[in-house]
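By letter and in written order, the chains are A, B, C and D; residue numbering begins at 1 in each of them.
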Amino acid sequence: MNDVPQIVKIKEIIDETPSIKTFVFDWDMDKYGTPNPGEFLMVWNFNNEKPMSISKINDNELAITVKNVGEFTNELHQLKVGDVLGIRGSYGNGFSYDLKNKKVLAIGGGVGMAPINSIATALANNGNDVDVISAAVNGDELLFVDSLKDIGVNVCPCTDDGSVGFKGFATNLAIELIKDTSYDIAFVCGPEIMMKGVFDILEDNEIPAEYSMERYMKCALGICGQCCVDNTGWRICVEGPVFSNDLLKEINEFGKYHRDASGIKH
Amino acid sequence: MNDVPQIVKIKEIIDETPSIKTFVFDWDMDKYGTPNPGEFLMVWNFNNEKPMSISKINDNELAITVKNVGEFTNELHQLKVGDVLGIRGSYGNGFSYDLKNKKVLAIGGGVGMAPINSIATALANNGNDVDVISAAVNGDELLFVDSLKDIGVNVCPCTDDGSVGFKGFATNLAIELIKDTSYDIAFVCGPEIMMKGVFDILEDNEIPAEYSMERYMKCALGICGQCCVDNTGWRICVEGPVFSNDLLKEINEFGKYHRDASGIKH
Amino acid sequence: MLKTNICGVNFKNPLMLAAGVLGSNASSLNWVLKSGAAGVVTKSFSKEPNTGYKNPTTVGVDCGIINAIGLSNPGADNFIEEIRRVETGDDEVLIASIYGATPDEFSFLVEKIQDDVDMIELNISCPHAMAGCGAAIGQDPNLTHKIVSAAKDASNVPIIAKLTPNVTDIGEIAKSAEDAGADALTLINSLGPGMKINIDVAKPVLSNRFGGMSGKAVKPIAIRDVFVVYDTVDIPIIGVGGISNYEDVVEFIFAGARGVQIGTSIMNEGVEVFNSINKDLENFMKDKGYKSIDEMVALAHEEL
Amino acid sequence: MLKTNICGVNFKNPLMLAAGVLGSNASSLNWVLKSGAAGVVTKSFSKEPNTGYKNPTTVGVDCGIINAIGLSNPGADNFIEEIRRVETGDDEVLIASIYGATPDEFSFLVEKIQDDVDMIELNISCPHAMAGCGAAIGQDPNLTHKIVSAAKDASNVPIIAKLTPNVTDIGEIAKSAEDAGADALTLINSLGPGMKINIDVAKPVLSNRFGGMSGKAVKPIAIRDVFVVYDTVDIPIIGVGGISNYEDVVEFIFAGARGVQIGTSIMNEGVEVFNSINKDLENFMKDKGYKSIDEMVALAHEEL
């Protein structure tokens, strides 16, 4: 049953950046299924439970990559190797991972690089030609640049302050890359304002793309309705979190507002 | 789920004897499983529910053969073709039906011929050499003599009054047959006093045998405990109704007493 | 053929979305209506916004789930904007589910919402509500009477009381609700509550520890409660609890329900469950020669 | 390692056979003891013989069964002969389950049986008992008090009250039983009752129409009831409801039970379930470093 938390022991903690850590744990794929890139887990630290993207999918091993942005993620950052977490899932509709011989652009902003890492890895290993824009506020916060390079991905770092790689936003770099290269498909995850910017650019250039959305989530099972979006009513936890550009067009709250735990729009 | 009654329509009713009818109905073996000879069904006529031996096992078709002995069986005898029954099962541990090239003696007393018909049919069709003693009070009450002959079974009718076949009890005829033939195995069902007599004869002659027992039954699922026997505690509905001679030896109430609906011994 | 009528309100078929499931915004309610439901019940809302409980709020159990979402909702002022965006067609019914702790709160909510909905369902039965709300009312016949009376007095649309199975005698509560003027009853809210303890860490999974059980596991209890209450009251009953196929719907109707609500099975079956059940139900009725839902209601009460 | 103690009575492990399952005769009780149970509860018996309900008395539902056997038993005079043939070894416990409608009946049965058993469990919770018996008592705190007091006064062996979950507040009933002198509580008897209607014939399947639900489906409710009652009373609790493996046993112990009873799962697992769970439970305890059942009791109550 993947609707019951399974207790896993943290076997490795990687300090990715000053604010981001990766937690690696064993996952019995035979028993609980093999997640696809873009799917997410519900992570329970015995105080609260939140959805987290899967950043790495290895043999019977998974990782989540977590930015310390609030009470829950701060609690996760206090964990040590050997500590346990409750994990249920995986859930949701992921990225198209079974492409072959495609020219791929993958764009991750900040900790949005987590699912981008898993899809870029899968696609590169599957013989696709993958360019990744890894965007962050500065060089210290860049994610997965070296490890993606190691498997043959063309990684283009991009920082707001220009401390490493391209100086500017992911949108600016995307425009540059698109000028020179004809991409078959793009994969995008990051702050919604960034995704909206990227969406407009990719639409203008008629590049099909898949976007990983985030909304406040409770059950993750497709019934509580907390993560449903306007105007389609789709559930981020079931029909999402990944939507193709054609579907995303119908989500007219995208880039505009979201609902909080009580359902109030912001 | 075979613990929920399935509604079946009676497609054929055969007047076997003045007091015995056979009811034939379709049974979806893919969905509800294929019963083995010796297993039983719980039959619900929407007023009461009782265990009944399966007398015929055809392709997606079953039959029960019922003697009119009381309120419930009398109600069954009032049914017409097209009427419905609720059937759950099959239940219990049946006869050894997968024998080959054996010399078999099957003994059925009265309506005890019901499960004997299904095991004798299966064994004859499987290439065994089968002798059947079909015993009844008189010739009118004999069961399955012609139909078993038709498939190559050597049927030896046996009546208390000698009106047809051997005159005397099944025990008497069994002694006669055993004198001339070396049987590998025997199958027995009938009134317990008859089975006890047969048991003693077969034990004396060291012929392994399987006996189909009957006890008051409620759930048929192995939990209510109503059909448990002394001294082993075995459940007639799960460990039985068929027991080998070796196991039957341990049931020391066999041939002596049984318990009624309240549990009082008789 | 599938039409039903519940206290004067026409439904194009007997299927509704249950309260608390996909009912937090107009978009998802519209999606469910497009998927074949004849009625939708909103998520229960209160006067003020409520964030509900901390996660985990839901966990799987055998043949079901237990949940303690905690009645999260954006409050009446915000939620009424959602409700106004729900688009019902012919014989499609919008039902607001409301909760509170006092007769005044219920009156306030009824007055606030009644012009925008077809019916109002009173949640006096949530097994994981905060002090004074939910089952705290529906487990007491006198409180039930007070709250239902207050809502009924304030209302010009039919009032449905949704009852909890977690009482010694559900017939007594049903009678109180009927006496207080309820136009219909919904049976049952989630069961228990129940609890799931993770044995590796020796801790309750839900942050609220206890949560209402729903799904296939609760159906036998719901069927029995509908059957018993049908013999106790004269107002129509809406059945809910563990429905995932047409056979379940028929079982509820035979027990005495004039309509049914579907919730937890959307988890496994998706919102397509409504269209799919309607199709199967119609085939069943044709096979058996039933001409209307009406003639099927309470058939299991007839003697042989 | 598996030993437990319930109100002074030693059990070689926490597993018992639940009342009403395979408990109608000494032979099956002995078989269960040989299969690894530390304790066996007899089928409930009364002063006079009782044939119970007409069949069908049991039907399958999702993740469980519902039954209304109807407390069939041969009456005290006959049943005492069975009880005397039960053979318990070291730290094996024979528990008689008795039922009746009045304090006098309970006193009579206690006096009749107490010399032949180690403990007596009062069935004041059967959800399908005839007038005045079973849940008719256990759904009323005053009747519960009267019956438990009568049994306790008459008894020189520990008295266990088995409670029904089908009440508004099980804590209230548990407190009544404790106040009346119960030495331990068994939680829970079967749930509901529930009902199954066959839709092809539009008829209830059980002859009694309603029956208590048992099996995996009821476990979350039982766990919650044990957890809540643990915080309400000081006497030990025996947990029962939906146990089919060691994980279920641990969940009950963490909720607050000092022992557990197993019934319905024998349907699928056979009587071997006792030995098999004992083995798995011992492995679990070794893995986790638990040295005794005692230290595991109620662990899920501890704060983080």
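Note that a residue touches a chain if its C-beta (ideal position, glycine included) is under 8 Å from a C-beta of that chain, and two chains touch if they have at least 3 such contacts.
Just so we're clear, the structure is a prediction, and the values are computed from it rather than from any experiment.
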Given subunit A and subunit C, the chains that contact each of them:
none
Chain centres computed over CA atoms; the one at greatest distance from subunit D is chain A
Calculate how many whole Å lie between the centre of subunit B and the centre of subunit D, each centre taken as the average of the chain's C-alpha atoms.
36
Counting only Cα atoms for the centres, state how far subunit C is from subunit D in Å.
33
What is the distance, in whole Å, between the centres of subunit B and subunit C, each centre taken as the mean of its C-alpha atoms?
51
The distance between the C-alpha centres of subunit A and subunit B, rounded to whole Å, is 66
For subunit C, which residues are shared contacts with two or more other chains?
196, 203, 304
Interface hub residues of subunit A, defined as touching at least two other chains:
46-47
Going by the touch rule set out above, what shape does the chain contact graph take here: line, ring, star, complete or other?
line
Which chain pairs here would you call touching?
A-C, B-D, C-D
So, in the complex, the side of subunit C touching subunit D is made of residues 61-64, 66, 139, 166-169, 191-197, 199, 202-204, 209-210, 213, 216-221, 223-224, 227-228, 242, 247, 250-251, 254-255, 284, 296, 299-300, 302, 304
Along subunit C, where are the residues that touch subunit A in the complex?
20-32, 43, 49-52, 54-60, 65, 67, 69, 72-75, 78-79, 82, 196, 198, 200-201, 203, 205, 207, 263-264, 266-267, 270
The residues of subunit A that touch subunit C in their complex are 1, 3-5, 7, 42, 44, 46-50, 84, 86, 218-226, 228-235, 238, 259-265
